[in-house]
Amino acid sequence: MNIQLFKEVANRYKVVFFDSYGVLRNYQGVYPGVREMLQSIEKDGIDYYVLTNDASRSPQQLAESFYTKGLPEITEDKIISSGMIAKDYLEHKINSGKVVYMGTEQSAHYIETVGLQTISISEVDLNDVEEISALVLLDDEGFDWNLDLTKAVNLLRKKSMPVIVANTDTTYPRSKEEVSIAVGGIADLLEPLSQKTFIRFGKPDSQIFNFAYMYVNGIKPIEKKEVLMVGDTLKTDIIGGNKFGIDTCLVLSGNVQAKNAELLIASTGIIPDYICSSVTT
Amino acid sequence: MNIQLFKEVANRYKVVFFDSYGVLRNYQGVYPGVREMLQSIEKDGIDYYVLTNDASRSPQQLAESFYTKGLPEITEDKIISSGMIAKDYLEHKINSGKVVYMGTEQSAHYIETVGLQTISISEVDLNDVEEISALVLLDDEGFDWNLDLTKAVNLLRKKSMPVIVANTDTTYPRSKEEVSIAVGGIADLLEPLSQKTFIRFGKPDSQIFNFAYMYVNGIKPIEKKEVLMVGDTLKTDIIGGNKFGIDTCLVLSGNVQAKNAELLIASTGIIPDYICSSVTT
Amino acid sequence: MNIQLFKEVANRYKVVFFDSYGVLRNYQGVYPGVREMLQSIEKDGIDYYVLTNDASRSPQQLAESFYTKGLPEITEDKIISSGMIAKDYLEHKINSGKVVYMGTEQSAHYIETVGLQTISISEVDLNDVEEISALVLLDDEGFDWNLDLTKAVNLLRKKSMPVIVANTDTTYPRSKEEVSIAVGGIADLLEPLSQKTFIRFGKPDSQIFNFAYMYVNGIKPIEKKEVLMVGDTLKTDIIGGNKFGIDTCLVLSGNVQAKNAELLIASTGIIPDYICSSVTT
Amino acid sequence: MNIQLFKEVANRYKVVFFDSYGVLRNYQGVYPGVREMLQSIEKDGIDYYVLTNDASRSPQQLAESFYTKGLPEITEDKIISSGMIAKDYLEHKINSGKVVYMGTEQSAHYIETVGLQTISISEVDLNDVEEISALVLLDDEGFDWNLDLTKAVNLLRKKSMPVIVANTDTTYPRSKEEVSIAVGGIADLLEPLSQKTFIRFGKPDSQIFNFAYMYVNGIKPIEKKEVLMVGDTLKTDIIGGNKFGIDTCLVLSGNVQAKNAELLIASTGIIPDYICSSVTT
């Protein structure tokens, strides 16, 4: 296994997409040296963006969180989230009615900005579903799982509607050893019980990569071969980047440990173009 | 589609296994005429048993519930539940330690009768998992889904242990139109997130049929061809009975409506030996 | 269910994407009236393209086939196939080595145009896999399933490499009542046996929709709301178009029959924006 | 990881069930010392049986194969195969018509012994399916995959019938490094394409364990706690034995290598009661 220096890898590209968790930060905060790395590649003329499976907050709120954690470089315009793709979908495809959301009020406020009326799953009355036009899964918090998971199944049995999963991740880390169940895991529970086909946004699905690529191309013209995706997860960042046709760099600072990297790559057949210990080495 | 009279079908057998819900009763109570039917087949020398995917209560408590609903004929010794199979497993395979349960205290009391110490998932301390020897899913009630589903995933990541799902059903009806998520649905959520192989008991798995068959054979010698399974669900009662090698009778008083029966049988390839409108016609 | 006239639906858009099979043609040939319909919408200033899950031939060969069947309007430049997306991937991501293909020689010639060396799975020597850099599934013909499906599994166990599935369809119709197993079905067999993650191109995956959208935008600027996807299959054409954020029209001339349309839409939750009997009514 | 001596483990039981491949033999023949081990445990009063997922031959032919390989101790009456369970099913549940088989003529002869008429999938005429009453998958050889896999899908689309998979294994080893696709793998391809629910026999399904347990009990009365299942595969032998409620012993002479055993047990949650290097150490 050939471990390369991240700086040398990055210098071959004009644009770098970073995953957030496990790459720039973890549950304790931003990794030491990340700020300096970002400043350095920017000085070298490399643009960078954060591609994150997150629909719990707006890009503005995500940027505020980076600011608080000591990374003011990551401003709102540098963030591309799966929530943005979900919002884009709602804007194009849902023209009327109420959108039921599973998530916090904060997550709902973001999708309301396209002019849609929202209602929390907790407040839905199953005897009055006429006006409901879609169900969107935004966050694992903000509702009562004992009551509202069953309510979501019954809602979908009563009325056929698009179901949007705004984050494909099934778990997320909440400490060094423990995970929490994420929106994608809840979707995996509800989909077979309701027997509907859900629409999922977020890495590895190519739509978020395409959204990011189009977005960057609106700022300066680039080609796919000039873009690098940097991530810590083979099954989202690396396979997603590979499939979209851009180069990929696995960093060993998150989900994949150095000692297991070779085995995991061989056993999944998901092959990054580069492997680096971290973005700061 | 050839609809037959249940009495005529039953008379060809020495033993009849009935599913409970959708066959003998629904959410409103016991179907009219069921008591008379049971008395009549008993008079004709046919033994009958209830095979039910239920691990929330002991057979004694299930019998009490039938008594309360006006069916005193269904005594404890006539009930074979998936919970009994789970208890049997725990007795044979778990010799020490604490068994963590997801379910009500009532459901735990039943499995405690084999001499095992139990602890509710709600009371588990993830920093003290040394003594835990198994996780068993008994009921969808009795714990906080927001907290305890994630806790179960983390428990299984911390320590490898057998996971027993004592009821394979993914939903159960709670009113004419609505369902609740059952233990089997929760297991379908937890299994991929914890990446363990769970052990599931209950129809259509053959272990409950075999348990019932052995149990009956302990009372009087019978052969498989003398046993009839009566159920309202193709994917549990009928395929399970077929696979076990006994004859099967679909009744149209529960999950399968008369107008869809032919289509459902053709589209699943699950073919009952008989079809009856109900056990009382 | 509101059945609309296709001409009236199409007139609301600037660009129409047609699925091929079940929409413009079936196993017997082009549907009567399709040529006139295409000429008519062209006269009205509507551009149209064919989006097809096919990797067995080049767009040029697909166009020749339309020509032979009496549809000279569908020229090479009007065809977007999943094979094009696969070729695009190979061009961007595979730089050296030999690409093993499952399919006919004809299908291989097309992907060779990006400068890659190809070798049929039939000719692979499992003791000499050093130079092999990828496996690509192009067509269900051209190799011996008894020998070569097992050979593909063993190839992937010997060497980790990207596996590209250039057509996601699992079956295709070969007569009024019968189907053939397609490349996507073979991929569903090989993927779990080899325990690798395959990369799949073709509807409903958004990459082919995005490719088409970018391609059209290179000719004239359009927005998503000006594009209509017309298809006969809910699980590919309609969900794929919906997810990509364009409007969708289900035609009842192929996979979905009029009498089942309402039930299928309700039971899958895949909701087209319009329903038409066919593209010629 | 506590590695124990097999002889000491076996001596705690009255009956031992052995898996065949990877336990008693591999593709090269019977492991050295196996014959002596069998003679030794027999002398100690321990009965033994071979539980194998194999439907390609009759128990008599399997016994002949052991004889040829130098293990005359394993006579016909010591073999319990998944094919026997399938034959038992056919005898109980299929009363008339022709049974279509996928496999060799040899495999068909065995199931014909219950008095059923068989026809190879290769000889089925899809325009004459009236008399066909079941499809049974016996062996991966004996038919043309290019033609007959598709024919099987179309047969199941034309007529609803029970489909019996007489061996659940998806692959089997054909040399030190290579595998062949087995009947269970073919079933995994056909089941979703035909949208039917197949009936599968063989480890880990409890029906073969129960068949063996009943068979042994017909010879001498035993209890579950007196029986040991010995196997090299966690996902079939060990989880199957565990679920059935008997003790299990993993040997490291086949699918699981010593260096990976601990990791595999932890990552699957399938926990054997004992681990031995082999049955001869």
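Should a chain be cited, it is by its letter among A, B, C and D, assigned in written order, with residues numbered from 1 in that chain.
Keep in mind that, in the parts below, a residue touches a chain if its C-beta (ideal position, glycine included) is under 8 Å from a C-beta of that chain, and two chains touch if they have at least 3 such contacts.
Worth saying up front: this structure is predicted, and the values here are computed from it rather than measured.
Q: Return the chains shared as contacts by chain C and chain D, ordered by label.
A: In this structure, no chain contacts chain D and also chain C.
Q: Which chain's C-alpha centroid is most distant from that of chain A?
A: Result for the farthest chain: D.
Q: Cα centroid separation between chain A and chain B, in whole Å?
A: 40
Q: Quick one: report the Å distance separating chain B from chain C, using the average Cα coordinate of each chain.
A: Roughly 44 Å, centre to centre.
Q: In whole angstrom, what separates the CA-based centres of chain A and chain C?
A: 28
Q: Two or more other chains touching the same residue: where does that happen in chain D?
A: Nothing qualifies.
Q: Hey, which chains are touching each other here?
A: A-B, A-C, B-D, C-D
Q: Which residues, counting only chain A, touch chain C once they are in their complex?
A: Going by the criterion above, the answer is residues 88-89, 92-93, 156, 160-163, 194-199, 205-207, 210, 224-225, 235, 239, 242-246, 265-271.
Q: Which chain D residues qualify as touching chain C in the complex?
A: Residues in contact with chain C: 126, 144-146, 149-150, 153-154, 157-158, 170-171, 177-181, 185-186, 188-189, 192-193.
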